[in-house]
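Chain IDs A, B and C follow the sequence of writing; residue 1 opens each chain.
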Amino acid sequence: MRYTAKKLAMMLLTMVIVSFLAFLAFQIIPGDPTVRLLGTDATAESVALLRAELGLDRPFFVRYAAWMQGALQGDFGRSYSYAMPVSELLAGKIGITALLTAVSFLLIVTISLPAGILLCVREHPRLDRAADAVNQLIMAIPPFFTGILMTLVFGLMLRWFVPGSFVSPSEDFWRSAAYLVFPALAIALPRIAMTVKMLRASVRGELTKDYVRTAYSRGNSRWQALCHHVLRNAVVPTVAFLAMTAADLVAGSVVIEQVFSVPGLGRLLLTSIANRDFPVVQAIVVILALWVVLVNGAADLLNQRLDPRLRLS
Amino acid sequence: MRKMKQSRRMIFGGMILSGTMALLALLSAVWTPYSPTAMSGAEKFAPPSWAHWFGTDQFGRDIFSRVMCGMGTTFFIALGTVLIGALIGILIGAVTGYFGGWIDEALMRLNDALTAFPSILLALVFIALLGFGKYNVILALGVAFIPSYARVVRTEFARHREMTYVRSARLMGASHGRIMLRHILPNTTRVLLPALVIGFNNAVLAEAGMSYLGIGVKAPDVSLGYMLSESQGYMMTAPWYVLCTGAVIVLLILGVSLIGEGLQERRGQ
Amino acid sequence: MLEVQDLHVQFHGVDHEAVRGISFTVEDGEILGLVGESGSGKTVTAMVISALLGADRAAIRGRIVLDGVDLLSAAGSTIHQVQGKDICVVFQEPMSAMDPVMRIGPQVEECLRLHTTLNKTERRARALQALRDVELPDAESLYQKYPHELSGGMLQRVMIAAAIVSGPKLLLADEPTTALDVTVQAQILALLKRLNRERGMSILFISHNLNVVRKLCRRVAVMEKGQIVETADTEAVFYRPQADYTKRLIAAIPARRKLHAG
């Protein structure tokens, strides 16, 4: 119980640090949003007025405290560019990016785990080497290049989807998901290769351990040893790896959303940085950090359940 | 036995691939088949031929020459990034790992917080701060990668700090600096080298991604990422544009990762 | 009961034999010691008998006859039957020999699960009984624990329990006490002796430690460089060693008497 409390405290601390750093960064960035909004030939008075309205004339820490207070209640302020509450602006987009991330993760798990395990069932040096080579090749292809190729092959040539015709999930969930399979696959592919590699290395490492010899001495076949013993052990570091992957899937989506013209958080983030729309950027950064922190926390808990040696009685 | 041969073959293959790319990159500084910026309305969208190995783009520019320059930019940025990230990261990691204490704790918490920030976002913020251009990208990515190097080095230094050879060096009166530099550091190269290689690849990917999004390198500097974003619009009319540019990036990354893999396998011996 | 006839083992890719034509027998209900230094081939012999080392890694010649069946020329399925049922192994390092993420109970039951048709309740009962037979207290709570919660000595007892639970004809013990504290060693040896007496289970006890072998085994085979140089009753080997090597081994024991002799 104390362990969980400590973990939660750490997570909170991390969130605070991240949000603080983001806030800080945007104070230093040159480029006054008011100038952007009013145009370069605005009068000094109207600029001052707008600044007062937006609350930009208050000292730094006051603004941070005010933001923090609002954020804890779900109020992230108003967007400068879109003149609407940030939370409204983000509401739809979070759903889209969340769906994209979910589909990616699903693809990673459903493809890499069976593939990794199947490749370990038998010892086939040629197959192993071929698999290694394929893995290397896939990992070398940047996700956004894969994405571009997919829009070329599946989009323009085969017409399995029409690039740019994205439908939001709230309108038509399944069509949305169907469209997202392609960008999700682009993000997932290199990570699938990495996970397969990790899993195979993990299993191979476990197979050299003493307890496997004991299993064989009791009459287990290789397949039985895998199922009853090895996989449960090999899965522990793989879970940690999958957690890391889940956390950085969101980063991957930033670029992919651009490739496939998906109106998610990633694209919004880019445009907001360009427009100096601080409240939006701040909010997105915090959300992304929250996601990473949560995923890592969940992975920790899962690890504890899987490996009894990590449990503190 | 077989593993040794395999790892040697990997390093060799990797060096050939990445070496070729490096050569092209270096060459681009002094010579390219055509000027990368020379436009020619007549030769728009020419498919690959003997005259233009990779064909021409929407302005009639020779793609191969542009790819060479882009490769030059990529190398420049990736090497610069690794340099900054590794140097500062090693410094920080060595100091915190060796001395430990509350500085170590504090910096590690900071490190954890920073890793909650995907590095591409960190770089985005920096670019927004500093503006576009090669040098800013190097700075942005370099700083964004510091935490990962620092963590690796810190773990190593913390591990070695307790080892007998360090303790005996202390007993013989060696100063901290000397121990860190001449004793521990050489022992960390086996872990550090693969990290540098991976870091290089990540830098290549990050720069390509950022330039693709338009927030990295700007004209007149040529960037492979930016070329990819341009080529996307002409995928049907000039597919060679996309394919050649992308293939070159893939080959570079593959070459470097083969070297990294080969080094890892040797470490496993 | 177990007869090894002219066993030769040569690992693939190595130019000399690890085991160069050895022969010995383990009678019903006896404890035979196999003694030798590292590299003598004793562990390799054990691995071949328990089918943990097979044709994929070494060229094996000879016969290993268990109650009339030659294990070396038997089909794969027969080997799987024998492993864990007729021949069970106890290894040197109990800590690493157990699956760290599986509870003790299921691991002790494993041989029953693989070779019998008993249901869960019956298996559990047998496992608990085995745990009690190896003198472990509070078998029920031990059943639920994980390996890392127990000490080395307790774990080795658990390993023995797992090995005897299916009532094997032969227990192969490969340096089972080497990794344990001296006091625990004595207890484990006493346990093995008792199990042998009560169940009539033969034991092939492998060790490099003559003292330990002396306490437990009635007969001893001494191995050097892949060959058996002497086989005799333990007392005979100690008081009237025939082979040079045996004499050297005995001379190398730090004797308590020597201290008094001054």
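In this section, contacts are C-beta pairs under 8 Å (C-beta built on N, C-alpha and C of every residue); 3 or more make two chains touch, one makes a residue touch a chain.
Keep in mind the model is a prediction, meaning the values are calculated, not measured.
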Inset, instruction - With chain centres defined as mean CA positions, report which chain is farthest from subunit A. - result: C
Legend entry - Interface ranked first by C-beta contact pairs: A-B
Legend entry - Computed distance of Cα centres, subunit B from subunit A, in Å: 22
Legend entry - Mean-CA-position distance for subunit C and subunit B (Å): 55
Legend entry - Distance between chain centroids, defined by C-alpha means - subunit A, subunit C (Å): 52
Legend entry - subunit B-touching residues of subunit A, taken from the complex the two chains share: 10, 13-14, 17-18, 21-22, 25, 28-30, 129, 136-137, 139-142, 144-145, 148-149, 151-152, 156, 247-248, 250-251, 254-255, 258-259, 269-270, 273-274, 276, 285, 288-289, 292-293, 296
Inset, instruction - Would you mind writing out the residues of subunit C in touch with subunit A in their complex? - result: 50, 52, 80-85, 88-89, 91, 93, 96-102, 110-111, 114-115, 146, 148, 159, 162
Legend entry - Residue numbers on subunit A that touch subunit C, as the complex places them: 209-211, 213-221, 224, 228-229, 232-233, 236, 306-309
Inset, instruction - Using the touch definition up top, name the residues of subunit B that touch subunit A in the complex. - result: 6, 109-110, 112-113, 115-121, 124-125, 128-129, 205, 208-209, 212-213, 215, 228, 231-232, 235-236, 239, 242, 246, 249-251, 253-254, 257-258, 261
